[in-house]
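Listed next: structures, encoded as structure tokens.
In what comes next, chain A is part of two complexes: it sits with chain B in the first one and with chain C in the second one.
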Partner chain A sequence: MKLTDIKKVLEEAFEKNEKLEEKYNICDGEKENIKSFFFPQTEKYLEFKRTDKGTEFFPVNNGLVNDSDGTGSDETDGAKEKINVVVRAKPCSVEALEVFDYVFLSEPVDPLYKEKREKTIIISSSCRELKNSCFCTSVGIDPYKPVGGDVRIDDSTGGVVGVTPKGKDFLEEIFEADESKKSEIQKLEVDQESDLEKGNVKTSTEREAEKDLANRLKDKLDNMQDSKLWDELSLRCLGCGVCTYYCPSCHCFDVCDYYKKDTGSRYRAWDSCMFSEFTSMAGGHNPRPTKKDRIKNRFYHKFNYLPKLYEKLGCVGCGKCLVHCPVGISPLTLLREMGEIEDEDKSISTS
Partner chain B sequence: MKTNPLVPAKAKIVSIREETSDIKTFEVEPPPEFPKHIPGQCAMVSVFGVGEALFSITSPPEEDNLEFSIKKTGKVTDELHSMEAGTEIGLRGPYGNGFPVEEVKGKNLLFIGGGIGLAPLRSLIKYALNNKEDYGSLQLIYGARTPDDLAFKKDIYENWPNNSDISVNLSVDVESPGWDGYVGFVPQYLEELSPSPEDTITFTCGPPIMIKFVVQGLEKLGFTPSQVISTLEYKMKCGVGKCGRCNIGEQYVCKDGPVFTLEELKELNYF
Partner chain C sequence: MPKTQLTKDKLQQKVKELLESEKIEAFVGYGEGDLSLKKIPLVITRPEDVSKLTFDQTSTPLLSRYLLDGELKDKKVGILLKGCDKRALDLFEKENRINKENIYTLGISCNGVISINKMSEYLNDPTEYELNFDGEKVKASSKTGEEVEFDYQDILSPHCHICQSPTPEDVDDLIENEASEALVPIKEDGIMDSIIELEKASKEEKYQYFIESLNRCRRCFACREACPVCNCPKCLFDIENPRFLDKSTEESAQHQYYHILRAFHVADRCVGCGECERACPEEIPFYLLHEKIKKDIDEMFGEKEDALSYAYPDDVEPFEEGGEA
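Here is the complex of A and B:
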């Protein structure tokens, strides 16, 4: 089976089978920012009612705050209960999830994230749309080597492989519904068995390479505290926060309350370290008062602080910030400044 | 589903005391599952429908109820100030590392506070007084803008001056009617009192600008960076190192702080 077919195959299978249709929801990992499947833009986690006697809590049955009256309990859109199947999860997107896992699955575990992470089926594949703005290879990612995922598609062989038990079960379910695919897929799965065991987790060599790179960039940044680059970037940056919203590894959030009549809710929402309000405090004190402080903090977070914490970069080189930033700022500039990439050479051929 | 660390437990305000024109102390009965805190730790207080804010627990761990001294500065604090005893609020925590009460055993403790910054120190002062045999001499230097802005009046005017285990030095920024104590900023008063660094650990809490000058003053007096401990205030939302708001370098103030030694802050390029 060809890589390009996976979405179609699933759609066909779902069309033929109502049960699958009801159970699963196909998400396109190429078109959408996959962090939003695990960490929605807004996510309600508490509903309450204030009475004379005190406060009553209500269970929250979905993570979205999109109701008009703030009560939220009347939402019955079945799609939200479905299991998300993320197809075409590219290596960069899947790598970025490691940052999310690091943040949200470390103690105290964030159950909202964990639940979605455990439920979602990720079908990882290699990248088919390398763009001029991509620089994943400069941050140690091989765009042609699918990583992670519950099901993996190997376009060199055209194989579809169940990687995790959850992924294998999912494939089983699909093939039960669609007999015609069964023999073909099972054969592929057997064929892939040995490779699959090797590729599932990063090999120690791969992990070492990842650590080496993270540590090298970290060390370089340690010596760039006073670089003129920060001044240059801060003159251009508009502080719009777009870069952080598109970034697959940016995870900062705000916590807000909504209250109307007697009922209210508390939710979290994506926030951005590029906003001046992000850290400004009562009495006017702001530990990161200038755009320079903020842009520096963002790049240091990805290339110095995260490497210090877990020996992995916080940037996967997807180039989304580069494409969407109104003034073209991206870590690419930083990597050039550090001598990690030659001008004009992004070390990968674009197709 | 595992419990969500962001969801607060319900807690009741037992009593409210007025400290200054804009600071009130709230005594709160903690929810049963609320772990015992270490002096210097904080808790996230919720007003349902308005929001959450982080406050130092100003009572010592030996007391059953928790106390928060809260300055009226915005949405949540305004709402808290309009509440009456008996009102239900939300509570989660305790958060942060707290003061190194074990490590500083046997030392003299010097507390330096400004304004509402006495709140976290008060927990430690009370703890040290309750465990006097573990510590050497105790001294407090505390200042505010005017006499009215000095918080915890009962402690600073009655309880502590009457306790021979601690010496209390108070100051106000500007000349005020009826004030015959020191007039000037806390860092100046520190310089004038010029305490000896010998076997002494200092704890400084207050506005960032005060901390900055106190730290300079302490260094001038010969205190080494490991003898200087301070608490930092950053804007916080989650309190558990996930919302990404309160970092200084790779450290999160909510989780790895808010208590840092000057040594650590220098390593983080904060000073």
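Here is the complex of A and C:
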């Protein structure tokens, strides 16, 4: 059994046990952007209806208000009631949740996020093969040592451990239902020699390194307001939403109303700082009118504002933006121009 | 010497001359990106930077759109153009969006480009592979030592199969691509096989097919932004008051609205570059809508030479006062 087989082991356990099957829902953290489990692209707050009596409002099943009279939403989707178990959550995406927690769980707490976050069980595991697009180690993240998660599959300590009370209870519940799973899970073993052991990658095992980097980049960026780099990047950037929508740590959203005739709803939906209307205000003023303002803001948010606020970078080096950006822009470009990565050939600086 | 190297040498030499003789102030071409499967648009201004220029079957992004606005607009610029990119530039010229006087067009005979989305039909994670082009064959090898061989055709962008002029016409100078010995037998009727297939399906099947794929749409607008001819200064979908497109991604009807409307807005002007298909992270075959409309126009009204309508800079903004929305 390989470490990565945790999904299979759990699926078997659930299959054999109806109670578990009904209670849990397995989600694949490698296939899906894990932010969407806590922060779906669209989330409804309420619905409204114009009647003879005036406008009536119906809160939607967000766990805040009990919509017991059934007049509001009819979406009582079974799967939504289940507890999501996110397996194969990678160290990078789990790190990115720290940004989310910082934003959504600091006062004022976001109840929609909190509810989902508390309900979900995250099984984080070491990541053993770095992809061509990964650069987590360049932003101080150790792919072999997942931080966070309720259950952790950790190469460096070995085996599968419950970390949070929720995670421990979950493991206990599985073992109680199926004794054989205990030995199976304990026997999960390192399946291959990792890039680390092969010497293909250097990694910082100390979290301090990330703090140092965050501070260093923050200081450098303080003096890069007028850099030509922003001209070069904004010239190339197309202004789509790919880099932000696929990023595990981007979290901006828009609150919108939508209505047809006499019914409508208020919801929130992902937004992207790269869209031209992102900061446009009532009355039409837009403090970030150009693409240059916008791309600069995106990088400053990740590498300057967030480090200033809590000594962490807003990028976990997952490389999703690099893979999906139609014109190959990613934080690597920035890190290179800032002298953090050496690769003359790929430098875009023309000055 | 590999043929791509020969092509690259010729390209670099030519651009060096152009910059040194001050015929141009800047050159727009392709450079190496952080992923080997994607060349990136690169603007250079100094002769000593020509070594950064490159070109091969992974030079996918369209360059012409960079001349439309921003700092390149009023400069003397040289630009590398594949057939489709030249077709886009021609359209911009007709629409008065560019000043042809300022532009030096360096064409390159093209033998198609790959689509990473196509590759993912065969490989789990295409960007994990390096490609080695050898005539009609392509070898993909991963750093774990895995090797897969393809026919170049299999991973070619769907639009390149039907491209009628991969070698750009009427350019100031043309670079013969050493690697292009007609690797791609072009379908002369210009109709994608998948359109023929789709036409055979029943109404319900077609509906199902589009609904299922369009529902994956994230509304990231990469398809719109990457398209050279989707270049209205203010897009209908960005207008806020009134909002024409709901931001929610839950309603299927809104996905249809976006894609069908975009299809109607671009189909007649589409230059068939395929960048929209390559840009979509969800691999949605929305471009079949455009292709079908194109085919219908040709069948019903006779083969069209040109876009059916043009937009001019002094057109009244239809969504503003005085316009007719």
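Observations, loosely collected:
Going forward, the second predicted complex is superposed on the first by the 280 of 351 C-alpha atoms of A that agree within 3 Å, B and C clash if a C-alpha of one lies under 4 Å from a C-alpha of the other, contacts with A are read in each partner's own complex, and residues count from 1 in each chain.
One rule holds in what follows: a residue touches a chain if its C-beta (ideal position, glycine included) is under 8 Å from a C-beta of that chain, and two chains touch if they have at least 3 such contacts.
If you're wondering where the values come from, they're calculated on a predicted model, not measured in any experiment.
When both complexes are superposed on chain A, chain B and chain C fit side by side without a clash. In the superposition on chain A, contact is made by A:Cys256 with both chain B and chain C. In the superposition on chain A, contact of A:Ser280 is made with both chain B and chain C. Once chain A of one complex is fitted onto chain A of the other, the partner contacts of A:Ala269 are limited to chain C, with no touch recorded for chain B.
In the superposed model, A:Ile83 lies in contact with neither chain B nor chain C. In the superposition on chain A, A:Leu105 contacts neither chain B nor chain C.
Within the superposed three-chain model, A:Tyr45 lies in touch with chain B and out of touch with chain C [touch as defined at top].
Measuring only between alpha carbons, the smallest separation of chain B from chain C in this overlay is 6 Å. Comparing which residues of chain A touch chain B with which touch chain C, the overlap comprises 254, 256, 258, 271, 280. Residues of chain A that touch chain B in their complex: 45-46, 48, 50, 54-55, 57, 103-104, 106, 108-112, 114-115, 225, 251-259, 264, 266, 268, 271, 273, 278-283, 285, 287, 297, 300-301, 304-306, 308-309.
Here chain A touches chain C in the complex through residues 41-42, 129, 131-133, 231-232, 234-236, 238-242, 245-246, 254, 256, 258, 267, 269, 271-272, 275-277, 280, 291, 322-324, 326-330, 332-333, 345-346, 348, 350, going by the rule given at the top. On the side of chain B, the complex with chain A involves touching residues 1-7, 10, 12, 46, 48-52, 71, 73-74, 88, 90, 207-208, 233-235, 237-238, 240-250, 269. If you check the complex, the residues on chain C that touch chain A are 31-36, 38-46, 49, 52, 61, 66, 70-72, 125, 127-128, 143-144, 218-222, 224-226, 238, 240, 243, 246-250, 275, 278-279, 281.
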